[in-house]
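Worksheet for the structure shown next.
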């Protein structure tokens, strides 16, 4: 094993993975339970000549990483629900202006200040719909540190591939729990770099004209192409327009570049799905509980399986439909009042077979909670 | 007719209705296309001894109306997408602390700065999911000035009834269009006032303990009961707690007080639904186009009907299901990439019969657009 | 104690760390309220989020524990809608001047009769010791393991430049001044800012090797002096304590009342 | 014209109203850039939202038209990540000091080498003439049909108190000063603020009966004077023009580079 | 059911939107008609074409926008170039000789009137140009009575400016009345 | 599959979380074991009970929280009162004589050790109390080798403090080794 | 000011967190932290009733009772 | 400074918005607004080449051409 094993918090894993992916600029504002990301960045970045900025709030944090992305850097900010809410306007700007960046939301109990030091998965829909206006978004998540490492790297890769902000939905449990993680060698996980335009100086460069393969090569601010970036509807040079055709084209481009690549963006793990009568669907910290239940029931011979979603947006509806095709019933395990469960219901053929096992009192959902719901579904009472 | 007819903008109608409902405190920050609401408030409020505040931004605007609501006033702020995004954190506070207030979002083209002077209905899902964490929300809308008047009044009534923020989703078209409106006499539309506690001084008052009927009587700041208000999870006195039972109870209370009253909150208009083969579902400005189409087709004997939704959240799924029970097909007309259409699909038995007629290029959706989609559905090409 | 009646004793002992200056501020703020014999039913305390902000839970006033940085924005709505209420806004340094900086300068500008108290421990206490815009350079913090390079605000200068009409500064060591300045501030008919340097032994003191709470308090004694004192002339590094401004200017709610009058008179 | 090469001529005539002072600022800002013979590929202009902010579309630099109030926050990321770039941030008064006030004071405090230009027309032009925190009291605006009661900020005092190391003020009438101060600001190795009073005849002038653009410009001539002039002593109401501060202090990016050095050296 | 659709188009400062509002308001408040007025903006708050749509009808009006106007008012060349093709066959086009020169044929009754010049000559205040247009429109279309427009002016305009506005209205009405239809 | 679940509970300043981390890290880095460490916070960043859960196993660990610990370490009375009932029958309870007085029966092997007092007597620095606890835990449970803990201390602790930490670890180990199980 | 008659030191032991501030700043060295790190008036008789301890205690854990109690010592 | 030789007034008519600033501030009353509200050098010969018009024009619509062109007049 050439890899290095570390016993660290999820928040630290995230930092390690971001650096692995090529991040060299981070700006943030402290908030529980994400602060260790900023703290670790503050320590690590100067070592590699990167920049750490503590800004005056979350709004300026996300603004400044967008600025830094435009000069050609890989960038990230990290926050939790209250800060994520504040970032929504600027998140929409990054979507509209097609600026690659990664936003980490280490979820805690909401709404509002809620439960700062307790885990939750209450921001899943916010990640999709938090900013105003139509748009598409990519959101990834992970349940254990090894996957968190790869999903963080993927977040950067997808941000570059699709020229878009990517949201990494962590949670207090994943963020604060320590477990072993193998830090891969450089090269082990592929890294997608900034695609820069090959248009030479003096030739008209179109920052907003997709290539044939759909990608949009960028040119660094400070480089040889001077173009415009705006949050208004704009033409292929980045200048504002109110031409209905251009507007129609742009909004469809923004949606399609993500939604039409849902299959490429989809990330998941599956456990024992081949012959599963009962399919558990879960993600992030709750998937740990779900997997615990599945493993222990399998040992007793029960036909349980788990579909662990690692990409939540665009929602992998096809995958869910396919994996649930033969399920007698489907149990979504999540730590909120039911968010992914709605998407699963939309995805499958028989939504009435979809159940929710959740917990929203600040405590981590237990195998007993899940087993209790299963008893109920089977009509065996509690 | 004792009523007074005025020929005014939707934004002005909203102000008139708010004053009718008892508003006497408004704070806001200008933004197109909502600014006339602030401007009209600035003119009208001092006349009745009310207060108008222009704040430094949208965040402070919503914060200050919440403060004023706590002293016993009926309050409102108005903005558009970018400002609404900025308000999301504090909106969640109002939900958590159960503070009655009305937030108007006069929608314009998004995402981001988008199309400031063009109509859109792109913030429907944001109204539901824009703030972090699980919560429930009420959102109303209207397609014409007369209904806008009543829906604005209803927004205040519901804010008081359910002790919650209510979102009034307007759009640039409704906001800026002028048409006649009859301003009702005082008393014509019932007004629900602040429910104040009857607990006498010195006796323990529980600001967060629902009465048997579910309502939570308030006590004004400055009054005889001194209690605490926080955005943290709290007990029935309003003091922070991490007790899982209390948390569980509070989050369920916050959801249930709205979701369980969906039938009481539901507002709609229907046109020719009794025998309609084709049901159009629409809301806000697009419902005008839909109604135009329905009327003109009915004149030609075609069995079209329209269900116009005036309350969007909680989504009136039962109503939609019932009204669409006999429809051959259902066409949702909206000015976004498809938002309410997803809820309609979830609500009805055969989602594959639900189609979308939309427009997202900044232009107002026309009867021709809608008719074009109908031709397509009928396999008649374009 | 005479101040008992202003306290919600059931929540004591409070959550602050041993030796936290915030407690001393609470202690002597209540004495100011007591000396003025203010009616609790007319007192509103509005705070944000932070260790400091927890103060609103301990006072038996109307209390509003809001969002990080937003206390003054909420307070503005309260005061404007009900000008007869006495509104006190205690804030942390991060709360008031990092995320809340804009509300702070605008509140100073508007000059509504609100009493803002900045409990300045030069650190984000609640979140575990990240540096704040008041830390200044050369400070060790969890987000500055190699010492800060940020320059700090001078809260009093910023308040003065933004238009606050009462501005004072003292420290948790100078408890008499806390009471005195808060009393003056509460009586001042306009926006008042009282900055109080407050030790955070847990995060600021420990990481910067300043010793325990008593030692940090001694530093406040050594490093500060009265405004315009001779000591200051000899040692310009000294931080000045005292009242920097106490001036009457049009108060916002009063001006608005006049506006209403004018409009209604036609 | 020598400044042609800095202009995106295809977007002219620009969208500003006849007589709008913002155009004159653009005009003379470009002359400053030209006189310094700056390399366009190393120039970044970052603006917010407002009439003023449209300026970034007209200059042939790297241009970033951001969100209302956020220009400096974006600019901070650009400068920090690529300190060799020259970053200019033109902002409206609302942009810079209403919604953007917090970024403004923090940018002053940090002292990154960014040139902030406040195009101060004392009104929200873009949205149709609502009052701004620079309007001051007694002004008619769409949101103040009965005249404002708000007091205004003094941008230069606020900048000074927040820590800006270069602070200057002039008006759209004093075009030579525009070029001169912007030149100085661009060369200043730290955060610079240049406030330029700019007439909005459409909203500010018309509603406040100040006449057309030439008349408003004449007022700038009459109502202002050089810093420390005799005229000011005789008439304290006069607004001072000139350089209020020009001081060298540690620049943020340079300090960070040193921090990196220190860390990498071990 | 009678329904008349109008587009008012010009540039920002010309007051086309105000004219449209006055017409529609007059129809509603003094003619017992129904009316809807809406407007479109260019890219920014200023510059570009300013356009306002009005529909006047005796029945409810749902769709508020006008695609093919019965009457088109164009007060700048740019507006004329952009819109003159959408006019309904047999519709009315009203333009101003100072601002617009006609070039393409339109299937319309064309009133190309010296409104601006007359205002400048008779009243000398360009600010009442839009009211003059309104007078002409009234005379040409008879959509509302002149008196109804008078009433609205009285309601909306500060008394010190009322006189010049009324004169402009009258002036327009006369110019509209006495002008032969010009066809190309 | 062997699996050992521990709960460390005490008050904020006692370093219980650090102790938990050191144990788990030692198991992972030097014993080829798998381990998960997690923690819970009170209402605020400070005050209240500080708790950390550790699971050590030779198999993958999914559910990271401990409901019924095999070993419970309680370093304050409050922690003891709250948790002593959840211990697994036959499990181990480790407490400190200075901070905790035992009152209720627990179905456990109880080690009620004078850790704090010994630290104060022998080393005089309360800050290494948690490391002393760790030493005792090692001696009692044998979950990891003492040397593995040493390695972690070396890795984590600045060299100038290493000595007192190692002494504390040793002291704890001795106290743990030489103490008879107390049952109530 | 004549030394006021001190009746006693009310110390709320459950509130006191043993920070030592009262101990450090009592001008008469009246107070000490006891075994349990709680403030205690070791030399109560030396107390001059200056209330420094009362006013500086961040935990509001100390109150001085004077003969004719007059809280307004500011 | 000797009066420089003015070659001409370049006025971009499509850019000029007729604000009258150049007219008002030209020290030599060279400029006027024409029928179409565009600036025009009515009395071109009086021009002293001070560039006030050029520098004050908010629409960048005027440029003065001098014999030996030297833009840096600041």
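We call the chains A, B, C, D, E, F, G and H, going by the order they appear; numbering starts again at 1 in every chain.
Please note the rule applied: a residue touches a chain if its C-beta (ideal position, glycine included) is under 8 Å from a C-beta of that chain, and two chains touch if they have at least 3 such contacts.
Since the structure is predicted, the reported quantities are computational estimates derived from the model, not experimental observations.
J.: Report the chain whose mean Cα position is at the greatest distance from that of chain H.
T.: F
J.: If you average the Cα atoms per chain, which one ends up farthest from chain C?
T.: E
J.: Nearest whole angstrom, what separates the Cα centre of chain D from the Cα centre of chain G?
T.: The answer is 57 Å.
J.: For chain E and chain G, what's the span in angstrom between their mean Cα positions?
T.: Centres of chain E and chain G (C-alpha means) sit 85 Å apart.
J.: Report the inter-centroid distance (CA atoms only) between chain C and chain D in whole Å.
T.: Result: the chain centres lie 32 Å from each other.
J.: CA centre of chain B versus CA centre of chain C: separation in Å?
T.: 38
J.: Can you list every residue of chain F that touches 2 or more other chains, as numbers and ranges?
T.: 42-43, 45 - these are the residues of chain F that touch more than one other chain.
J.: Find every residue in chain C that makes contact with two or more other chains and list them.
T.: 16-17, 67, 98-99, 101-102, 106, 126-128, 133, 146, 150, 256, 259, 263, in rising order.
J.: Which positions in chain H touch two or more other chains at once?
T.: In chain H, no residue touches two or more other chains.
J.: How about chain A: which of its residues touch chain D in the complex?
T.: Within the complex, chain A touches chain D at residues 25, 27, 46-47, 49, 51, 53, 55-57, 59-60, 63-73, 75, 89-90, 93, 220-224, 226-232, 239-240.
J.: For the complex, which residues does chain D have touching chain B?
T.: 49, 67-69, 98-99, 101, 124, 126-128, 130-131, 133, 142-146, 150
J.: For a test of understanding, state which residues of chain C touch chain G in their complex under the given definition.
T.: Within the complex, chain C touches chain G at residues 1-3, 7, 12-14, 16-24, 26-28, 31, 34-35, 172-173, 175-176, 179-180, 183, 201, 212-214, 217-218.
J.: Which of the residues in chain D come into contact with chain C in the complex?
T.: Residues of chain D touching chain C: 98-102, 105-106, 109-111, 133, 137, 146-147, 149-154, 157-158, 160-163, 249-250, 252, 255-256, 258-259, 262-263.
J.: If we count contacts the way the header does, which residues on chain B are in touch with chain D in the complex?
T.: 29-32, 35, 38-39, 42-43, 46, 52, 54, 56-58, 82, 112-113
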